[in-house]
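Structures follow.
Across the two complexes that follow, chain A remains constant while its partner is chain B and subsequently chain C.
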Partner chain A sequence: MAMTALRREGRRFLLSPIPPNPSTAARSTMLSESTAYEMRWFLIVSLGDDLISGEVPKSNIHRKNHGRSRRSFVFVCSFFVNAGDLSLLGIRSISTQVVRNRMKSVKNIQKITKAMKMVAASKLRAVQLRTENSRGLWQPFTALLGDTPSVDVKKNVIVTITSDKGLCGGINSTSVKISKSLYKLTSGPEKETKYVLLGEKGKVQMVRDSKNSIEMTITEVQKNPVNYTQVSVLADDILKNVEYDALRIIFNKFHSVVSFIPTISTILSPEVVERESESGGKLGDLDSYEIEGGETKAEVLQNLAEFQFSCVLYNAVLENACSELGARMSAMDSSSRNAGEMLDRLTLTYNRTRQASITTELIEIISGASALTG
Partner chain B sequence: MASAVAGSSAAVPFWRAAGMTYITYSNVCASLVRGCLKEPYKSEAATREKVHFAISKWANGKPEKPTIRSDSPEE
Partner chain C sequence: MYRQASRLLFRALGGGRPVGRAFSTNAPAVPVEDSAFVEAWKKVAPNLDPPKTPLSFMKPRPPTPSSIPSKLTVNFVLPYQSEISNKEVDMVIVPATTGQMGVLPGHVATIAELKPGILSVHDGNEATKYFVSSGFAFIHANSITDIVAVEAVPVDHIDPSLVQKGLADFTQKLSSATTDLEKAEAQIGVDVHSALNAALTG
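Up next, the complex of A and B:
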């Protein structure tokens, strides 16, 4: 029965099409409109052919009401109509399958982004506590040695702290942007500026245009929870391998869950500190401190400079981790919201398509019935 | 830097003469202190000593093979 229907439809297709009857129910979307029209005239023509070939009306009604044959008509029509569509495989309705697949994937994405937001929120709580506690480490240093980004030195090393993982909003891009502008600011005749990059994301962005100024890259810092020992070993490695007059650390300071401020911390090498404090420059009152023990001022300054770098780097890594988690929370939140909106729109389209196909079928049946009885 | 200081004044501390920085020195002292703790605080403190990162130096715009410093706690 299906095969005869197929053959019949093949003949019908070669004829010129009868202009479609514009009496239609509500059809809103373009897709359902065009396909519904084409389906309708195919079916009407096919039913008309049944009449022409002289089949008994009883068998026609029988065939019309039989679910299987009705399906075969619809199957064939959608074969011809939606040429590039999934409905080649005999799916009943007009392309609600496409919309349904989309809806399923968008819903999954929404679930994933919601879960990521929860994870980031829970991690943030723990790291935030440690960050606030670590702020006390470098404050005495700034009180003593000062934080003077405007100091003019020959060898600058820019330490940029970024994250290893993505999906955290724009914080890595802002850090890289500031590093690049700082590079331009501190470069000049006889001056030398180099990058030390922490984190995969910063490396990827810098490699594109500043390959030759990169001194070192460090990744996989966040594998274990951040602790001071790790950061101090890292600081040690950096100090041993680069020559510097001033180290500038760029990170995102964590103010609140929605606000992260890019910050630059400057650490001067002991020689520069010496120079600045002597000439009555920025660190003039360093000499007013008494030094106990058998160490000279230079010795003390060197120890202090190393320790200052380690402490400031520790705080910077923690603050950046906090900012990364906060940024990830808000990014995932906005993407879940977008996914929800997309899902609403898709549901509307799906319902419209579904209703249009049901309406089409009803019209075919009714017009076929009226063609028989009328 | 260390030699200049030694020439001008009192002896350099032993660790500076051995090539350690102040950071390394303080880390060693810290792990000694952590070793003096009793259980269970000792194992808690041991988690604070884990080090892991991969560092790679760049030469002429090309990275060299990264060395992974994933050793056990710094000693």
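Up next, the complex of A and C:
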């Protein structure tokens, strides 16, 4: 009987369709070669993403696979003897080859994910120090200008900070979800909202549906260790190319290795600051501050807004880098654990198969011998 | 430093206006969350938790006291470090673009843009001096001073010979600069190095 191998997107490996009544499988080992039924191996294994991603993005769920959800680490293997007929490799006895291959690859995956976790942990230590030192940088600005995320302006620019590399859990999806909700929040008649995306992962997700609202994308921010000069050049670039009344920076603030808090920092343009301080409210005190330096108040406020943007962006990029490394650590950790569990189950199956094949051989020999002797 | 002298003298003499200091309250600090934002968020995305804003991560600042405090609280932050945080000192001298400015407790609320120069922090008899590249200084009414700078080095870490060399280099570049950009860069170099020079000698 021919083996039908179905490949689903390179990830599911279905060797043959399941027999209609699996209950007959149990009797297989006892019968001789010329039996009518044959049991086939039925192996569904999902490798790759199922092992590694701690969270499967919702958009991927709708694949058709016999009604089975991809979320479950489905590993159903019932191994049944194929007495007599050609099995997968064309040999007559039960082969443990497939299981052994599977075990080898799962073990390799476990090693890789463990190594990735170690690398992320060591990088995290360095970046965390710098992040904590930079935390004082945005506080003076918030103390002076207050925090006004609900400000109502015409031109909003949403700066979303995401990572370039993947395998870091769900933080990029969270940032993108929040950006999209913020877009809905700040859109309205006569209002305009644009995106500036830092990081490859955010770009990939946003380009799908909001391509027209993306003003600019910047990638490879993390290629060299982040320092203030680089970020200030970046901030300068953004400010030059984008018209804004309010800039909203979305990033994941690093709270601890397992917890990251999505945060929005708002920076207002000098004109809006003037407007808000005149109308009172949170910035109402600003008018009573004397201005030293520069020719006009507007010039100083302009410099202030630009400086504030670069400082807040610096802190945000560092915090997001920390969060990315922390998320990668926990994602790799859970994937190593899952690989370990899968390996345990495979080992059990392997042993069962091995013992079954030994038993079969013995039975054949003994029944052959008893047939001869009468 | 002497520009503010008249203002300080007036305050020292008469204790200010009889009507009390501007925006001095004993009201409690501002709330931790922006409720308007949270409500607007809930309307747009009811299933998502609203993201936090910097206000919730910051300790609220004390309100303006009704009498002048005796000490000034200073926060001096750099991108890679918080040099001084919440230290009580007597006086701070900041290099504003309009000249060296002395800040005493009870100073009027000010936003000052800084130029490259020396920042000195006086506490009792000791004074710590830093050379700062530019930045901003915010003096709040509650006698808290925030100084944000991009780079700062203690004055004793500066090497005089390198300063002279840098000054000579940039002066030469300024004279040979052709485009506006080059001229601006050279001018900045000259400014910083002459300020460094002045810091070392002065």
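Brief remarks on what is shown
The rule is short, and it goes like this: the second predicted complex is superposed on the first by the 278 of 374 C-alpha atoms of A that agree within 3 Å, B and C clash if a C-alpha of one lies under 4 Å from a C-alpha of the other, contacts with A are read in each partner's own complex, and residues count from 1 in each chain.
Heads up, the rule we're going with is that a contact is a pair of C-beta atoms (placed from the backbone, for glycine too) under 8 Å apart; a residue touches a chain by one contact, two chains touch by 3 or more.
Given the structure is predicted, the values throughout are model-derived calculations rather than measurements.
Under the clash rule set out above, the superposition-derived model of chain A with chain B and chain C shows the two partners fitting side by side. When both complexes are overlaid on chain A, the residue A:241 reaches chain B alone and has no touch with chain C.
In the superposition on chain A, contact is made by A:219 with chain B only, not with chain C. In the superposition on chain A, A:307 contacts both chain B and chain C. When the two complexes are overlaid on their common chain A, residue A:134 makes contact with chain C while staying clear of chain B. Of the two partner chains, chain B is the only one touched by A:296; chain C is not. Look at A:350: by the touch rule set out above, it reaches neither chain B nor chain C.
More residues of chain A are in touch with C than with the other of chain B and chain C.
When the shared chain is aligned, chain B and chain C each come close enough to touch A:228. Minimum Cα-Cα distance between chain B and chain C in the superposed model: 5 Å. Residues 228, 232, 294, 303, 307 of chain A contact both chain B in one complex and chain C in the other.
Remark: chain A residues 130, 133-144, 146-150, 177-178, 181, 184-185, 228, 232, 250, 253, 261-266, 282, 285, 288-294, 300, 303-304, 307, 311, 314 touch chain C in the complex.
Of all residues in chain B, only 1, 4-5, 8-10, 12-13, 16, 21-24, 26-27, 30-31, 47-58, 60-63, 66, 68-69, 73-74 touch chain A in the complex they form. Listing the residues of chain A that touch chain B in their complex gives 211-212, 214-221, 223-225, 227-230, 232-237, 239-241, 270, 294-296, 298-299, 302-303, 306-307, 309-310.
Of all residues in chain C, only 22-23, 30, 34, 36-37, 40-41, 44-45, 48, 51-55, 57-58, 61, 75, 77-82, 85, 96-98, 101, 108-115, 135-136, 138, 140-141, 144, 146-148, 150 touch chain A in the complex they form.
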